[in-house]
Every structure is written in structure tokens, then in C-alpha cells.
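What follows is a pair of complexes built around chain A, which joins chain B in one and chain C in the other.
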Partner chain A sequence: MDMNMESLVYIALFAPFVGSMFAGLLFGNAPRTHLTGIVASILIFVAFLASATLAYHVATVGPVHVKMMDWITIGDLSIPFGFLVDQISVTMMVVVTLVSTIVHIYATGYMDHDKSYNRFFSYLSAFVFAMMILVMSDNFAGLFIGWEGVGVCSWLLVGFWYHKKDRPFEENPSISPSWAANEAFIMNRVADLGMLVGIFLIYWNIGSLQYDVVFEAMPNLADGILVSIAIALFIGAMGKSAQFPLHTWLTDAMEGPTPVSALIHAATMVTAGVFLVIRSNPLYSLDAVSGVSMFIAILGTFVAFYAASMALIARDIKRIVALSTLSQLGYMFAAAGLGAYWIALFHLAAHAFFKALLFLGAGNVMHAMDDELDIFKMGGLKTAMKASYWYMGIASFALAGLPFMAGFYSKDAIIETAFNEGTFIIWGMLVITAGMTAFYSFRQVFFSFHGEKRYEPLGFHPHDMYKYVLIAMAPLAILAVSFGWLMGYYKEFIYGLNESVQYEMSDHTHHLAIYLAALVVVIAIGAIFLAWKKYGGEGDKAWKRDEAFEQSFIYKLLENQYYVPKFYDEFIVKPYTITSAKFWEIDKAMVDGSVDKIGRACLKIGDTTRGMQNGNLSSYLNWMGLGALILVLVAAFSTITTESIVECLRAVAGKGE
Partner chain B sequence: MLEIGVNHYLILSGLLFSIGFMGVLRRKNLLMLFFATEVMLNAVNIAFAAIGNYYGDLSGQMFAFFVIAVAASEVAVGLGLLILLYKKYGSLDLDVISSMKG
Partner chain C sequence: MDAILSILIFFPALAGFLGFIVDKNSAKVYGIAVATIELLLALWLWAKFDTTNGGMQFTEKVSLISDFGISYNVGVDGISLFIVIMAALITLLGIILLRPDTKNMKNMIVSLLFLEMTMVGVFLTLDAIVFYLFWELSLVPMLYIIGAWGGPTRVYAAVKFFLYTFVGSLIMLVGLLSMAYLYHDANGVWTFSLLDWYTLPLTETQQFWLFLAFFAGFAIKVPMFPFHTWLPHAHGQAPTIGSVILAAVLLKMGTYGFVRFSLPILPDASVTFTPFIMVLSLIMVIYTAMIAFAQKDMKQVIAYSSVSHMGVIMLGVFAMNAEGLGGSVFLMLSHGIVSGALFMLVGVIYERTGTKIMDEFGGLAAVMPIYATVFGIMLMASVGLPLTIGFVGEFLVLLGFYQVSPIGTILAATTIIIGSVYMLALFKKSFFGPVRHEKNLGLKDLDKRELSALIPLVLITIWLGVYPNPVLGPIDNSAQKILVDMENRAISPATKEAIILSKKEAN
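Take a look at the complex of A and B:
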């Protein structure tokens, strides 16, 4: 039985890797072929089956911990390639592989006409592999490898259409795919430094990076060290999960193909930061770091509100969804910071399902509209794209947290947690944000699917996606509706892990829960109704562009993302560019200059001395004679010197006697 | 009465060597160059024999014999080459037969 489980762990881990290598090595230079897409999809599905079986095993028998091989063994440092499949990691594995499977199938349709089809699947499967390492590793070093791996794959995939030209910032805030890819990568480097410092601190103070050893030893460490570790690790999480102030890359990462946005920048990779905090729950639930945890909750709440406010007026359909991802990540951090780790993880899973669905739906819309992203140019698409309309509707209902959808259970639990902890400001902010979430997600739905057919005068002829792609999206829709119903089972499942992951509402909150939920639902429905009134009407009631409002200060502020990207550009990017240019000049003068001088000197010596090679034997003999003479002189001179030195020494020695 | 010691032989050897060396450097005719090298070799031979005698060691004289043998074979081969060169260029002047240019 155990042996079986071990091989399942390896299948879950390496099937995506095989898929990636298949597409990359065998078909890297080949013209696009559906074979790569199909094989990669099947292998990811195999990984999903293995993960699901492992989940059942974890639920019935217990966690699986395997050690594949030694990796780094130097002195006292021993880091094995070990994999831990417990309640937390298996949740992530199932979510990652399930969403990946659907996104892979989706991408076979979406990337159909792209000439780099094979390359795309190679990257996409490599991403899944890196993500699996990230979640399955049993130590911080393996986690970091996966962490960097997903970063690289994200860079490759955001910049997938690297040939697109740069456009000015005013025209396109994310300039170009390669620019956005670099931004994401560099911003994550900043955060990864924090994470590395955290890992080094753990190693210095504990002498191991294995989770079990580390978390057992942590209560014995000094408070200051624990706080430093907690802060450093959270800085890493802030980068990957795009928390303020390292958030600007996430919306710009929408330059990547839409399946990438769905998989990496909504469902999986960006939740790695939340995963890290949940994984380190024994650390973050210590009393010594309660300040850091509270900061996480406050920052999460702030980001939830901050991102939602920008989504209220955004016009780019993918940016709206990306901002809602940012906002929901804030919710997850709020829950994790307040100690409700399992609720955060549950929302992570639920969010992955409905957000992936939302993104894939947005992809369908883009596909139908010839890559047009501006919702002002859409409208009334529901007749042309019935299936996508339903999917987007369901996903938005789930995101808005309407009763009995996935988001209703998971997001309400977070809001309830904030109430239960007595942090009423956080609670209030989260409730308001829930209303904003409902408003902006339905604003987007009504804009694109209801109202006047604004696209008609612009000459678009929308058509829905391939049938099989639409069918492949169905599991996400089913889960977006029903995943919340499993909350009770899930709670039982994850409570088997340890004490610190458990979280219960007080009786007082429990009594009020129904009213709290009702309040949130009423606000959400009100917001949806408002969105309907404003954007859903046809004919006389149709939405009309409000130029005056678009000139107002608040609109400008939100449209420019609170001027944060501008601030970064002015105060970080530009000074850095100027300094780099200066350093380049110094480099040119000193390093390049000295190398050039040496080269030129050699050339010059050669040029002057080549006159010797005149072909005349007599002059050669003269030069040879000169050389011999010099050698004789040198030999004679050095003999004299040595002798005189010896003599001197003798004289000194003689005096000593 | 002046006794002839090893120094005298060595000075003679040095003078002969310098004459040969100057010949190698200054003369333009290849045949003369050969003569000059022969002078240099024999200067060395004198030094070998003198020093060998001075130390009462026969190795010096043995070396001198070797040098004579080598010089003889060198002259045999060298003269053959010189004849060929003369047939080709009609001269043994180094300024005339130089062909490579740097």
C-alpha cells in the first residue's frame, strides 16, 4: 500500500514534467501539432487522478512522506528531495492539477492558430511541474526551487508573445508582453530576497529546513528571531501573491495568453504566497508573531478593498478579473492573518475554480471579439455566446458570494472570522469590499453580455468557442456552484492535520452568523441590482458614457491605479536607468578602456616589430646575435647579483659571530 | 719566463669566438658564414680542451671530438646545400637569395 502511494506521489509530480519535455524536446522545433496539446493534457489529467487518489488516502489513512534522494549534503547541511503529501499540500495538488487539466484542454482550442503552439504547452506543463514541487516539497529549499520555477515559467508565459511592440504607457499601461514579463520577474526578485533571508534565518537558528523539524523547534526560539523569520517569509509571499506594494505586476501580467492568466495569475501561482503562510501556520499562530499575523490580516484587507476600488471603473475585461483576483487574495491573507488557515485554504480552492472559469470565459469573449479587451466596445453578447454567458454568470455569482454558490461559503466564512475576532474595522472593510466585488463583477458581465450591441457598428462578428472547449469548462462551473457544499467535509478533513490549523467560531458569532451572512448577501444583491440598472439596460435605459465623470479626480485616481505605477516609474525606474547609464559610461572608460588599451598596445608592438621579418638571413642572424648577447648579459648579471647577495649574507653572518 | 696557463687559452678561445661571431653577423656570403661558424666551433674546441686539461678531466677533450665530428658532417651537408643554392640563384649573397617577406 505504502509503496503504491509513493509511486502515486511521483506520478503526480512527474507526469507534468514528462508532458513538458515531450512538447519541448521532441516538438520544440516542429510545426505546431495537436499531439503536444493532447499528450500534455492527458498527462496533467493523470497527475490529477494521482492527486485525487492521494487525497482519498490522506483522508482515510494519513499523510504520505517520501524521500526520493539526497540532494545537498555538505557538512551539517542535509537537504533531501523529500515530498510531503498532507492535508494542505494535497488540497493544493488537487486544485492545481484539476484547474491545469481544464486550462490545458481549453488552451488546445484557444491557442489553436498560434504558431508557437508546442512551445506554449511545453511552458504550461513545466509550470505545473514547478508548482507541484512548490506545494509538495517537505522542506523550505524545495519550496524555494518550485517558487523560482513557477516564477521562470510565469516570465516565459507572460512574455509568450514577446514579438509584440512596446506601446506608450498612456495607451497601454502594461506596455508590452516582454515588458510585463520583466516587470513581474524583477518585482518578484525583490520579494524573493526577503524569502531567502527568511530561509537563511531558519537554517542559522535551527540547522534544518525540514518542515517538521523547523516547526517543532520554533517555539523555543527567541521572539525577535521568530518575528524576523515571519516578516521575511511574508515579504516573499507578498511578492508572489502580489500584495501591496508589490502588486502592480499582476495586472500587467495580463499581457500573457488568457489560459496563462487563468492558470497562473488567478488560480494557482499567485496563491503560492497564501500557501506559504498556511504551510507555516505553526509559525504564524505563535503568540510571539501575533503582531505580524495582524499585519498580514490588515494588509490583506487593505488590498482587498484597494484592488476592488480599481476594478470598479476598469475597462479592460482581463484587468477587471485580475483586480478581482488581487482582491480575493487579500481576503485569503485576511483569513490567514486572523488565524483561520483552513478557511483561507478553502477560499483559495473555491476561488481557483470560479476565478479560472471567469478567466476562461473572458478568454472566450476575447476570442469572439478578435482580442478586443475594452468592455465599452462590447455589449449584448449573450445571444452570440450563450454558453460563455452562462459560465461567466455562474462564476460571477460565485465570486459575488450569492447564496449556495462556492464563494458564499468561503468568503462569508472569512467575513465571519473577522467578526469573530472582534476586528470590526476589518470586518466592515470586507463587507464593503464584498459589495464592491458584486458590483464590478456584474458590471463586467452586464457590459459584455447585456445592453446594446455596441460591437455591431465596430464590425465585430462574435462567435462562441469550440464545443469541446465549452464542455471541458463544465467541471469548473459545477465546482463554482457546488464546492461550498463540501465545506463541512473539508473542515473534518483538514482538522486531522494539527492544532494550529483548526479554527472555530465562538457561540456568539455562531448565533449571529445567519444575520451576518444575510447582510453580506443583501449588500451583494443590492450591488448587482445597481450594476443592472446602470449597465444592463437596453434602448432608452442603455448605458451612456459619462464624460464628466471620467474627468473627475476620483475616476482619474482609480484609472491610474492610484498613480502607483507612475510613482514607481518616476522614482525607481527612471533614477535607476539614469544611474545605470552613468555606470555604463564608467564601465566603458575603465574596464573596456583598459582591455582596449592592452589590445591596441599588442597590435602596435606587432606592427612595429614586423619589420624584422624582412626575409634576409643576414639580418635574422644579427637579431639572433643580439638576442644571444642579451641573454648572456642577463645570465652574467644575475650571477653577479646572486653571488654578491651570498657574499653580503656571509659578511653579515661573520659579523654576528 | 711567461708560463702559458689556462687563461691564455681561454682568452684565445674568446678572441676566436668573437671573430667568428662578427663574421656571422657581418659577412653576406653564405660560404663565408660557414667559415665563420667553423671558427666559432673551433674556438669552443680550444676552450673545451684547455679546461679539460686544467681539471685533468678527459670529458672536455671528448666533447671537442664530438664537436669536430658534428662540424664535419655539418660542413658536408651544408656544402651540398650551398651548391644547390648556387645552382638555383647563381649567387651565394644573402641579400640576393632572400625570398620571404614579413
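Take a look at the complex of A and C:
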């Protein structure tokens, strides 16, 4: 391999790191300056260019595999800093850096009044660096570096406005930025435990953590071990990709600044779990773990539906988008679980583009509405914010999967896969969810941009974002429309990787494909129409609040996220806190208390017996007499013989026979 | 310099004696100078150290009481080398961090230099009696530091610290004496040399009782559950410098004892006792981590977290493979660096506000951004974030122990969850949210003195997180040597089976 490609790998990897250090080390405590934002954005763009060049290289020549240096070497364990740029990782690299570039540029506008502007860019670029390590590493330990790295950056970024104080759950379901940040970190760590166990299992059964060695050795392992590894790794994936029951952190993470939500909680970090499953496709496609794969597909389908149901009634514009992310991650897992890894990856990329656009559009709305998130207070914004209206519209069309938009190809392929596999329940759920997706997406669009201008009496004066920011968003809009057109090329590209990543529909499915797609499209359009009828009207037809519905059981259930956060609070957080306090009590009273008791007993014995040594000769004589008496009595009544004493001494000396 | 190890041990003590005649205003400078020279000597030792040799190097031997085989016998291997360097480093940084207005500065410096002698001595000695001397002597300066510069109940805490560890050490002494006796019984000569002891075959019953005797001394020092309760008192009352050295170095004497004495001398008993050690260690990891979460005092959080992390180290010691054993030695170093830094950081805020109660703070990140950043980095190292020093050891220990007990490892690995629970809770309470008290708005960020103590620790935290191999290599060699010796001497087949030797070694 020529040197050129190797240096491109390092440029793609380290350019974001340099940007982060530039903003953090040089300007961390300096007053905000656009220099940090601009330099960081340029460096991410450089990483994008390098990634794109590498993608071309992978397509035309083949994968690039480099080893930078050794990291941990001990016993038989040897972990290098090695990087693998193949079809899967380069897809991620291009998506991550492209979305990141746009989000960085966007953030220069969005964050320009924030006094911690420099710090923000330092974190944001550090996040991209961590994500690049995650996707580029050639071994599981390296992946784990990025895995934890994105966790920390997400903690820093979600808690970016750390000065806000905690509010009660009823007032704000995500309490405060710092609370949400901690929740995200800790919940991810729960899953990381699974990930670590997976790594240990791999090491002790294969002796290496390198992907190539591991995946080659896997078919020779016992079924039970393979299943354990598959489960353990998937538990790790569930945390990062916020699958039920580890999903609550994702919606709460919306406490972070909106560019963070767009980058981390839509386009990149949350896809890490999906990436892991796709990366490990040689494992998950083995017959021995087909049960685990099916579970992944079922859980994914469930999450797709579950999240979409909550999005139907959500009022917080960012939560709606976050829930749709959750739902779409479910789709990706469904595809991956069913063995259609490349389709999952394609949907991951398509989703990253339109979801980032959707989030940035939501950010524009928030910006215009002075950080108001409640869509009930919006409406009719399309006149004030034309560009954002179009962007949100396009992204929602793509998400809803209308013909010729990105989601039409990628999401439809997933639904088709479910049909092709004969898993009709999954198929049915995914079709229904597609309808719900169209409904809630456009509910949000109509709520914010159509209908009565409900914001006017509240005194808002909305205005659109800076022009350059709106222009910077254009590539995302273009990709949200056109990315699906590349599906054929992408298939050809990724088929070069290996056999287990390939997936073809049967002739039968192929035959029916057009009808299946038509069904989904009809349902989606129907749902959009329904949303329009309900929320898009003006004047007489304007939406009116339905208080009775808001009191109903089903509404309460959805509003309270099926009471899962409440459950966690009652059955995990509170018992843990109480037990901890109890343990502390026990530690003080019993463990330490018994030590003090021994000490006090010694004191007491000394205190009571010191009367014997009062310096009074006659009392000494008395005690001596008593002692002598006791000795005589012992001698008289004891059965000790000389022999037994000698024996005893011998035994002590260890010389008995 | 053939006598480099002796110089390393006695130079601080000698300088300590001279310290009595130094002018009291220049005591701190004098202390810094001595500690710097000591650190440079330790680093020089590293430079001269043969990193491919897992055995003892730079050995010196002078007979002291030849009739009883007691000799001054020192040597260094990959395990003790870095602990000595860390002890020297922590002492230096601790002295740098001392406030210039510390009362009786001269006494403090002299105590610290004596303490340094005992610490270095413990880790370099290969003779059981001399080891015991240094081991017990280390109590004296620490007793004095807590008792003279401590908080309101310092005398109670100091006495508890002294008596508790002393009782354990006495039982250990009985073990050491019987070991010498057994050696004499078998070979007809008296010796307290560890290297000789390593060659003595012992029955399983003998090993069993000796293990318990050693355990009494080492476990209280570690401190293992349920013998840990002296530690929160000691930390609660000790001045910052006392806590830093206690957590960073003195506790490591216990785990080091297990590595240097229990494992190689008593291989079969070590394997027999592994389940017992595992249960106690798991209780340490989980139970004390939960107690740490219940604390209101920032320093107590760190104190209990120390116990929790020491539990992980103990697991690694008994993993019986190079990954786990080497990992636990590395974790001793990283815990020394990280807990040392955390105690320093607690000291910083205590000096400014006069309190360690977290609810009194809030919003410190806005008032003291550099302080918050350093604290954040050390927090991440403490919860074992990859690319910080804290990850390497913890990962290796858990990886290594998985071979012993998957269930035990999974329970121990909950440390990555509950460890982040109490640390993040600490950080949120102290650094996030609104500033609780108006007077805290005027708090000064880290000054030059504090930065010069903390920045080296931050740099090491990242350096050894990214590139641990220069340290891991020698540790690996010596850990493998211990395991090979254990395997060779083990009498029961179960022990041989439990010990996993590196395949590299076999080839």
C-alpha cells in the first residue's frame, strides 16, 4: 500500500483531534472567538476530504489497513493502535465527517452568543475524533476507546449548559442538562459492562482482539461461546444505540445544545451500536447465533414501534425528533438482525443525512422562538422562516419515505427484507410504524409551520437563521432527496467486502416489491393527509386542544414514556440510594463499631484490673495468695501429666512423631 | 553506582536528619530539593534497569545478624521499580503542594523524608526482618502527620490507624518468624532472605496457616473488607499531604505484600484462598462503592472509592495469569497517581472554603474552570476511561480475572457503573448547577503552586493511558517470572492448573 493512503488515514483521524486541541488548549479560557469555530470546521472538512478520497481508494483498489503503534502488550495480549479502512468503516467515516462538517458550520452560527463558544468546539471536535477511532479501529479494544470516548464527549456536550439547575420530573422530564448528562453516561456504562464481557470472552477463546483474527476463528468456536459473545456485544450495542430498556437517556440528552443533538444523538454516536453489529457481521450471520440475530430484529422492530408511539403525542419539538431517531435505529437493528447488513448500513447513512437536517431545522425553530420547544405554542412559522420550512419539509418527506426521497429507498428495503424473510409480524409492525412515522413527522411540521400563529399572543418575533448557516445546510437537503438514488452503486461497493454482508431479495419478493412499496407509500401519504386535516388548518379548521384526550389513559401512558423513567426512579435509583445509605450506617455502626468495641473492651479490662497494682504491699500479698491458691487448685484437679506436657511441647516444636 | 538502591533508601532519611538544622523558612525548598534528587535517582535507576530481565537487579547484601540469617538485602524488579518511582514522585509533588504557611513546616518536611525512606525501603527489601522494620517504621511518621496536622478528632484517627495496622503486622511477624523456623527445620540454616524462602517447599497445611498470618498484616493495610474502617477515619482527619501519601503509596504496601510474599512463597495456599479473597474483594468493590455514593463529604467519597479500587487490585493479584497480575501492579501505580491527585484536588477546595461538604459547593465549574478541568480528567481516569492511566490496569485485571471466575468478573466489572455513579454524582453536586453560596463566586482558580503539583500527574495520566508499554513491559516480565516460579513450586495439581503461563514463555 502506498504511503499516501496511510497518511490520509491519519489525516482523517487526527484532523478533528487537532481542531479540538486548538480550541481547547489554546483558547479554552480565552474569550469566545470565531477563530476556533472556523479552524475546527475546516479541519473536520479536511477529515471529510480525506475520508472521501479513502472511499474512492477502497472502491477502486481495496481496503487500507495501518498499524500506528502498540498500545497494551502484556502476557499473550497485544493490542495495537491499528486502523482498518474498508467498505464498512469508510462509509461511517464519510457520513460522520460530512454531517460533522455541516454541524460545525451550523454551530458557528447557532452558538455565536454563547460565552463558552470555544469550549463547545473543543468538545464537538473531540467527539468527532472519538467517533473516528470507534469506526476506524481494527480491533475490539480500539473500538472500545472510541466507544467510551464518544460517551465522555456526549457527557460533556449534553451537560454543556451545566449551570442550569435541576427541575422536578413533572416540570421537565429530563431534570437538567447535568442530570441528563450523567444519566447518559451511566446508562451507557451499564451496556459497556456487556461489551467488556464480550471482549473478555473473545480474548480467552481466541487469544486476540483483532477483527481479522477473531472473525476468521469464530466459525471454529463452540456454539455456546458464540452465543455468549453475540449477546454480550449486543448488550453493548443496546446502550449506545439506546435500545429498550436502555433508551431513556437518548430523549433526555436533548438537554444539550441542538447541534449536539444533530450530531451525536441522531447522526453518529447512536449509530455506534448498529455499526458494531454490522462490523461483526461474520459473527451475527453464523447459524449458531441465528437466535440472537432474530432477537435483535424483534427488539429493533419493537423499539421502532414503541418510540414512534410516544412521538405521536409528544409536544417538545426536539423530543419528537429524538423519538424518531430511536424508532429509526430500531429499523436499522431489524435489518441487521435479519441479515441485511448492508441495507442497515445504507439506512444508517441516509438517516444520518435527513435526521441531521431535521434537527438543525428544529434548531432554527428554537432559535427563532427563543428556545421555546413546545409545538403547541408555535404554528404558522412558514412565512417567517421559509428556508427552514423547506428543509424541515424535505427531511420529513425523506423520513416518511415518500417516493424518490432517501428514506423511500433505505427504509423500504428494510421493510421488504422483513417480508422476504417471511417474518410477517415484523413486516406488519414495520409497515404500521412507517405510517406512524409519517404522521408524527408531519404533525410536527404542520404544528410548527402551518395553522394559526399561536406564538403571536405569546410575544415571540421569529426570524430565520443566518443566511450562511442556511446555505451550509443545503448539502444535507440535497442528500435527503437524492441519497437513495445511489443505492445500486452502494450495493456494488459494499459487496466487495465479504459474503456475509451481501443480501439479496428472493425472486418472489422482487416480484411483489412494487406492490409492497406502493402499500407503504399509500399508508404514509394517508397518514400525512390525516396530520394535515388535524393540525394544518387555519381559521375554522384550526387545531383545537382536546383536553379530554389529554386526560385519557393512553395519552398519560405515552406522555410518561410508558412510565419507564418512573420505574427506574422508583425501583433502581431510590433503592440504590437507600441501600447505599444503609450500608454506610452498617459500616459505621457494625463494622467499625465492633473494632471500637474491642478497643473499649481492652480499656475496660485494664481499667478494672489496674486496682491490683495500687502500690499497696498488703494488697499485692493478697493477690499473690489468690494466685497461688488458683495454681494449687488447678494442679490438684487437672489431669495434666508431665507426659502430656512434653507431648504438647513437641507438637509445638513440630517434632512429634 | 552499585549501591544505588541503598542510596535511594537512606538518602531521604539522611537528608531528613540534616533537615533539623535547616532554617525553618527554607524547609520547604530543602524538602523539594531532596525529593527531586530522590526522584531523579529513581528515574536513573529506571534508565539503568534491564527491562528484559524479570528477576531481581541491583541486589546488595550485607549480613547483619549472621547467626539468625538476618541480612540487609535489597533488590529491584519490574514490580517494585515503578512503585518506588511513584513513591518518590508523589512525595515530591506532595511537598510542592504544601502551603507555605503550614505550621511547623520543618517537622513536616522531616517527617515526610523519613516516611519516604520507609516506603522505598519496604518496596526494595528482600529480607523479611528488614522488610518488617521498614513496614512498621512507616507507621510512625504517618501517625505523627495525622496526629499533629490533622482535623478535630485527629488523635482518635491516628491511634486507630496505628493500633489497627500494628495488630495485623504483629500476626504477620509471627508468620515471618515461623517461616524462618520452617526453613531452618528443613535446611538447618537460619535465613530471612525472601529469595531463599522462594525455594522452600511447604506442605499445604503449613501454607494454609502462613497465608492467614501474612493475610492479617497485608489485608489490614490494603485495607480489605472488613478491616477497612480505619481508613475513612485516617483520611477524614489527615492533612492533604497525609491522605495523598496514604492513598497513593502506603496502601500499596499491602497489595505489594501479597505479590511479594503470599504468591511466590505460598503458591498452593494462594490458589486455595482465591475464592475467599474474591468474595472479600467483591464486597470491597461493590459495598464500598455504594458507601462512597452515600457520602456528603467529598474527601470521604475519594476515601471509600480507594477501598473499592483496591478491591479490583486484589482480584488482579489472584488472577494467576500475567494479564491480571501485571494489570494489578499497573493499577497500583495508576491508583496511586489518580487517588493522589484527587486527594490533592480535595485539599485545594478545602483550603479555599474550609469545607469538604459537596452540598456547600455547586457550580464550581464556572468559577474555577481549570480546577474543574483537572478534576474532570482525574475523574475520568478514576472511572477507567480508555486512554487514561485508569483504564489499562482495570481492564487488564478484569480481563485476567475472567479466566478465574466469569461471574466474579462480571460482579467486579460493575465497578465501571457504580464507580461512575458516585464520581459523577460528586462532580454534579460540586461543579454543576448554580453556585450555592455567593462567597464561592470569588474563589480563585488553581495557582502556580497547585498547578505545578497537579500538571505532572495529569500528564502522566494521559501518557501512560496512551502509551503504557514502557511500564507494562518490565511489569510483565516480573509478573511472568513470579507465575513461572509459582508453577514450578506448586505441589497440588489444582494449583498448576490454575496458573496460566504465557504461551510466549513456553515457546
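Throughout what follows, the second predicted complex is superposed on the first by the 582 of 657 C-alpha atoms of A that agree within 3 Å, B and C clash if a C-alpha of one lies under 4 Å from a C-alpha of the other, contacts with A are read in each partner's own complex, and residues count from 1 in each chain.
What we mean here is this: contacts are C-beta pairs under 8 Å (C-beta built on N, C-alpha and C of every residue); 3 or more make two chains touch, one makes a residue touch a chain.
For clarity, every value in this text was computed on a predicted model and none was experimentally measured.
S.K.: Tell me the contact category for A:G625 with respect to chain B and chain C: first, second, both or neither.
M.R.: So A:G625 only meets chain B here.
S.K.: After lining up the shared chain so the two structures overlap, which partner does A:S176 touch, if you call chain B first and chain C second: first, second, both or neither?
M.R.: After superposition on chain A, A:S176 lies in contact with chain C alone.
S.K.: Answer with first, second, both or neither: which of chain B and chain C does A:F185 touch in the superposed model?
M.R.: It touches chain C, and chain B stays clear.
S.K.: If you stack the two complexes on chain A, which partner ends up touching A:V152: first (chain B), second (chain C), both, or neither?
M.R.: second
S.K.: Looking at chain A, which partner touches more of its residues: chain C or chain B?
M.R.: On the superposition, C touches more of the residues of chain A.
S.K.: Is A:Y162 touching the first partner chain B, the second partner chain C, both, or neither of them?
M.R.: Second partner only, chain C.
S.K.: Kindly classify A:H113 by the partners it touches after superposition: chain B alone (first), chain C alone (second), both, or neither?
M.R.: In the superposition, A:H113 contacts neither chain B nor chain C.
S.K.: Check the residue A:G611 against both partner chains and state whether it touches chain B (first), chain C (second), both, or neither.
M.R.: After superposing on A, A:G611 lies in contact with chain B but is clear of chain C.
S.K.: Give every residue of chain A touching chain B within the complex, in rising order.
M.R.: 610-618, 621-622, 625
S.K.: Would you tell me which residues of chain C are touching chain A in their complex?
M.R.: 160, 163-164, 181-182, 185, 225-226, 228-230, 233, 287, 290-291, 293-295, 321-323, 326-327, 363, 365-366, 369-370, 373, 380, 383, 385-387, 391-392, 395-396, 398-400, 402-403, 406, 409-410, 413-414, 416-417, 420-421, 424-425, 428, 431-434, 466-469, 472-473, 475-476, 479-480, 502-504
S.K.: Okay, in this complex, where on chain B does chain A touch?
M.R.: 21, 24-25, 27-28, 30, 33, 94-95, 97-102
S.K.: Along chain A, where are the residues that touch chain C in the complex?
M.R.: Residue list for chain A touching chain C: 28-29, 69-77, 141, 144-145, 148-149, 152, 155, 159, 162-166, 176, 178-179, 182, 185-186, 189-190, 192-193, 196-197, 199-201, 203-204, 207, 576-577, 579-581, 583-584, 587, 591-592, 595, 599, 654.
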